[in-house]
Amino acid sequence: MMIASMQGVVKRYGSQLVLDYIDLDIQEGEIIGLLGPNGAGKTTLIQTLTGITAFERGKVELFGQTENPFSNQNKEKIGLVTQEITVFEELTAKENLQFFAGVYGLKGEEKKKRVAEALEFVGLADKGGKMPTKFSGGMKRRLNIACALTHRPKLLIMDEPTVGIDPQSRNYILEAVKKLRDSGTTILYTTHYMEEVQSIATRVVIMDQGQIIKEGTVNELIQTVQHEEKVKMDVTDPESVPIHSLEKIAGVKKVIVSGSQITVISAVHSGNLDRIISIVKEYAGVLGIQADKPNLEDVFLTLTGKHLRDKGGE
Amino acid sequence: MKKLMEPLLFVNSWRFLMMGAFIHLWVLGDSQISSFILILLLLLMTCLRWRFALPVWFVLVDILICFFYFPYTDIAYYGFALPIFELALKGKCLFSLFLCAGVFFAQASSSFLFWFFFQAFFFGVFSFIFLKNQEMYRVDIDEQRKVRYELERIKIDLLEANQSVSHQAELMERYRIARELHDHLGHDLTGATLALQAYQYVQEPEEAKKILQEVKNRLERSTKSLRETVHNMTPMTRIGVESLESVVRNFQQKDIEFKKSGNMLLVPVHIWSLLESCVKETLTNVAKHSNATKVEVDLQVTESIVRLSIKDNGTAKKLSHTGSGLRSLQMRSRSMGGSLSISHENGFLVVCVIPLDKEMLNR
Amino acid sequence: MTIFKFALKRSFSNTTNIIFLTLFPIACIFLPNGEEWPFLPYGYQYFGLLILFVGIRLATIILEDREKGVVKRLAVAPISHFQYLSQNLLAYSIILILQCIIVVYGGVLLGKELYQPGWLFILYGSFSFASLAIALAWISIYRNKDASFLVYMSLIFIIVVLGGLLIPIEIFPDLLKRVAVIFPTYWLAEGLKWIVFSEEILDFLLINGVLWLYTIVFVIVGSIRKIN
Amino acid sequence: MRVLSTVKFTALRMLRSYIVLLLLLVVPIILLTVFSFILSGAVPESGVPYINETSMTQVLVFQLFGGSIVMSLIYNDLFTENKIRMYALPFNQTMYAFSIMMCGALFSTLLGALLMVYSQFVLGVMWQNWLWMIYIISLMAVLSIIVCLIFTFSVKNFKIAERLSEVYGIGFVVLAGLFFPMPENGFFDFLGSYGNPLTLSMGAIRDMGESNIGDAWFQANILLGAIIILFVVMLILGRRKIG
């Protein structure tokens, strides 16, 4: 089932184009990773999808409704985890959750239950009575996420939920996201961190300069940029390995020997790793094998010529 | 800086400037409490317009407020500048002018009031035209971009379809060859091998001779069938470099030299078709327009690119135009991530370079 | 009414606010009478200043929401900006009205000469709304909480002086007398004068009407939904 | 004296704190202008225009708030954000704190002097004894800084210390009876005369203007005494807090 879709959405800030004919479909049960450098329009995309800002042209559809997609009925099914930590500092963690639960129309026993559930879910069950000012960065982030969960949204939008936190909290959050997906929540996830997308996203959407420049599963994307496979082997006795017999294997383009390392470059999907290794093994001991595969960062670099993250940043 | 160029900012500045002007008039003029309330009411309307997009007929409220204050204060006359501006801003210039004239003649007309109205009308019309133009311009460029994106998408789709078809065809062919070889050769060759193995163990010369004869028969048969298979599979139509060569050979008018280097099998089908058209088109051009006697066609294939250069020794400095054929070829090569350049210095020269990297194609 | 409830809760959540909201109004009651001017006891003359301060302190809560991005969350929640604003303002106006009740009727209980406490209460009420509205409009300009508060304080001081709340308007030169009318504080001062000398009831209605006009204008200006 | 090299930057930081400049320079200028409009031409029997008295009061009142910038700088540098960095630097932190104080005092006095210049040359107020005036202003500035620092050192929450410094400023203005007359009893009388830096300095300047040199010095010396006593208090508190 289609959860949300954008068709030909155009949006400007002043005369600057931030969304340029965006087409995006979100199907039920997906985790979509939205990638892009700063200023690519990710946040604006999220804001138009949730009705926070208006757009000039195009159509947004939420839960099958195009006429009035941002009705309260639809908003009840959406949860937003903001980029900044948007909780009240003068209220306790629990009160914060009660506030948002109340705004989403929960009442009485149900509210109590859901608040406790959300606290439990992000692992703050024993810290409910504390002020967020006393929390560590990771705990604040988790509270920030919990605030969007009390009403059990069908579509959860997470705008850089893991910026600037320790690896442990980040893992916790990623696990939580997977748990949410398993319980049937559709998730739109933006981040700078490739590894996160690679580990959780079922589909990746790459944005640059207000346009969606590529979408697909992680593997599909990697395949589009991959034009050769590299296998590096550390061997005991590189001289004795017959290079020409390696070169004869189907798909192998080139064999380079440098020091104790043999690098075999072959065409994509030639599936010859087995044979290469068995030949090398015959003549020398293999100490280590390393297969270079492109990652999403390479995909992005290939598509736009830019790095996703500033090298020095963060 | 960009924000400063927003026309709506100017519209709102004008509106609030007017408020300042009214207050100025009020302080210098009568300073009655009642007329101060008029200014407050007008301020209220202005704020509403600032925050919300009010419909045009809302100016009636301004007009009514000012009308009601006619008997009490002069500021009411000046207050009409607001509806005049708003009407003009919404493109109702005629109403605006009418209002202008009506109020102007209803009052003991002073030249100051005239200029006051005039500037309101002028700024209103100006903003109206400016906003309209901006909107039109935006719609226009949006439409243009949309068309361009659609074209690009179609082109990429076509290209991908093309590629996948040629890939499929290649696979099918490979499969057919494998079947044919297996069916026609495999049986006999296996038999021959087995017979030879048996031959090693056979003691009797009679028997051995018979087996050897068998092997010989089988090998003869398979050689024959290999020849037949290859003959059957050799395409009747020429493809790849052969077709290119045949094009060159069939071109009679000029003396042509054809050179090639590199592994021709690296070049996929869709590129061959482009190269072929390229050669044909260029040679036709040369035949039509050039006084050359000799043409050199050079095809180089490397790991990463295909480069086709066609050069004649003509002296015509400039061919009047690049033929539409060549221009469309330029487009096609660009869509494959390559380029086609044409030059007329020292004879006619066409160079077409297409990358073979897969990644370039996916752009 | 979640937002309303929590707006009240947050208003009382820090000590400075509690002092502002409870101690200061009570202190106002005990200020002495003036000799020639002001006509009401000093505390009642200066209470307008206090209302302006309380207004900005309360409105700062909305600014905090904006600064921290909570508004973004609320924009996605099934609740309109109008509901958010109105529930917040309702909570704040209840607090302000309570203060007005304390000041006016506390004074009556202590036997202060307030001439017409009922009308005085209504006047303070109207001015409270105007003050809230002005504060709301003010915070729509600024993003930074501290800067907005400090600049507003100094602005208030100037307005209060120019509006004739701190210095009797009668000693103003002619031009300043006219300019004073522009400021809402002028109307409060006029209202206080009316309470003492009670001329025509129509004048009092006019004064309140103007304060309400200010309220509406500034609420419209401040009602903008600012995200980021 | 490595601390000396920081002075320039402390001064720059102060000059670039726009909010402080707005509150302690622009606002008083506007207020002075407004008052001079309102009081234009009003001359009581004594022959000295009202505006003279008012502008003197204004200049002194704003000195009461002059400590806030020193307070926030010291809090930033020695208590929170920059604390660890500052303590890792090879200079004497106490001297650094003193240098900030000196800068703040100079800055505050400078602002006061600017106000005087403005009121003399734009509004036409006549200041009788510039030197004396500046001496008193600088005493007020130093006193305000010391008081603010005492708050910073003795209260845990900086927000509350800030509020207290505001209470100090506004409180003494109120006690001096500038807003409304204070009740007449011994306590308030004392705080409205010799127990109030504002009235003390006003008295000192007034007496100097009327050539009561002895009275003027007496009042100024009370201020000086208060400064010395509070300085010792501040040192003790500061040592406990920082050390």
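Going by the order they are written in, the chains are A, B, C and D; count residues from 1 in each one.
In this text, a contact is a pair of C-beta atoms (placed from the backbone, for glycine too) under 8 Å apart; a residue touches a chain by one contact, two chains touch by 3 or more.
Everything numeric in this text was worked out from a predicted model, so none of it was measured.
Taking the mean of each chain's C-alpha atoms, the chain whose centre lies closest to the overall C-alpha mean is A.
Of all chain pairs, the one linked by the most C-beta contacts is A-C. Centre-to-centre separation of chain A and chain B, using mean CA positions: 29 Å. Taking the mean of the C-alpha atoms as each chain's centre, chain C and chain D sit 30 Å apart.
With each centre defined as the average position of its C-alpha atoms, the distance from chain A to chain C rounds to 49 Å. For this pair, chain B with chain D, the centres built from the Cα atoms lie 69 Å apart. None of the residues of chain C touches two or more other chains. Shown for chain B are the residues in touch with two or more other chains, of which there are none.
Along chain D, no residue makes contact with two or more other chains. Under the stated contact rule, the graph of chain-to-chain touches falls outside the line, ring, star and complete shapes. Across the whole structure, chains are in contact as follows: A-B, A-C, B-C, C-D.
On the side of chain B, the complex with chain A involves touching residues 2-3, 5-6, 138, 142, 145-146, 149, 303, 357-359, 362-363.
Looking at the complex, you find that chain C touches chain B at residues 175, 178-179, 181-182, 206, 209-210, 213-214, 216-217, 220-221, 223-224. Residues 2-3, 5-6, 9-10, 13-14, 68-70, 72-80, 227 of chain C touch chain A in their complex.
Within the complex, the chain B residues that touch chain C are 23, 26-27, 31, 33, 36-37, 40-41, 43-44, 47-48, 50-51.
Every residue of chain A that touches chain C in the complex is listed here, in rising order: 47, 50-53, 72-73, 75-76, 78-80, 82-91, 95, 98-100, 102-105, 147-148, 157.
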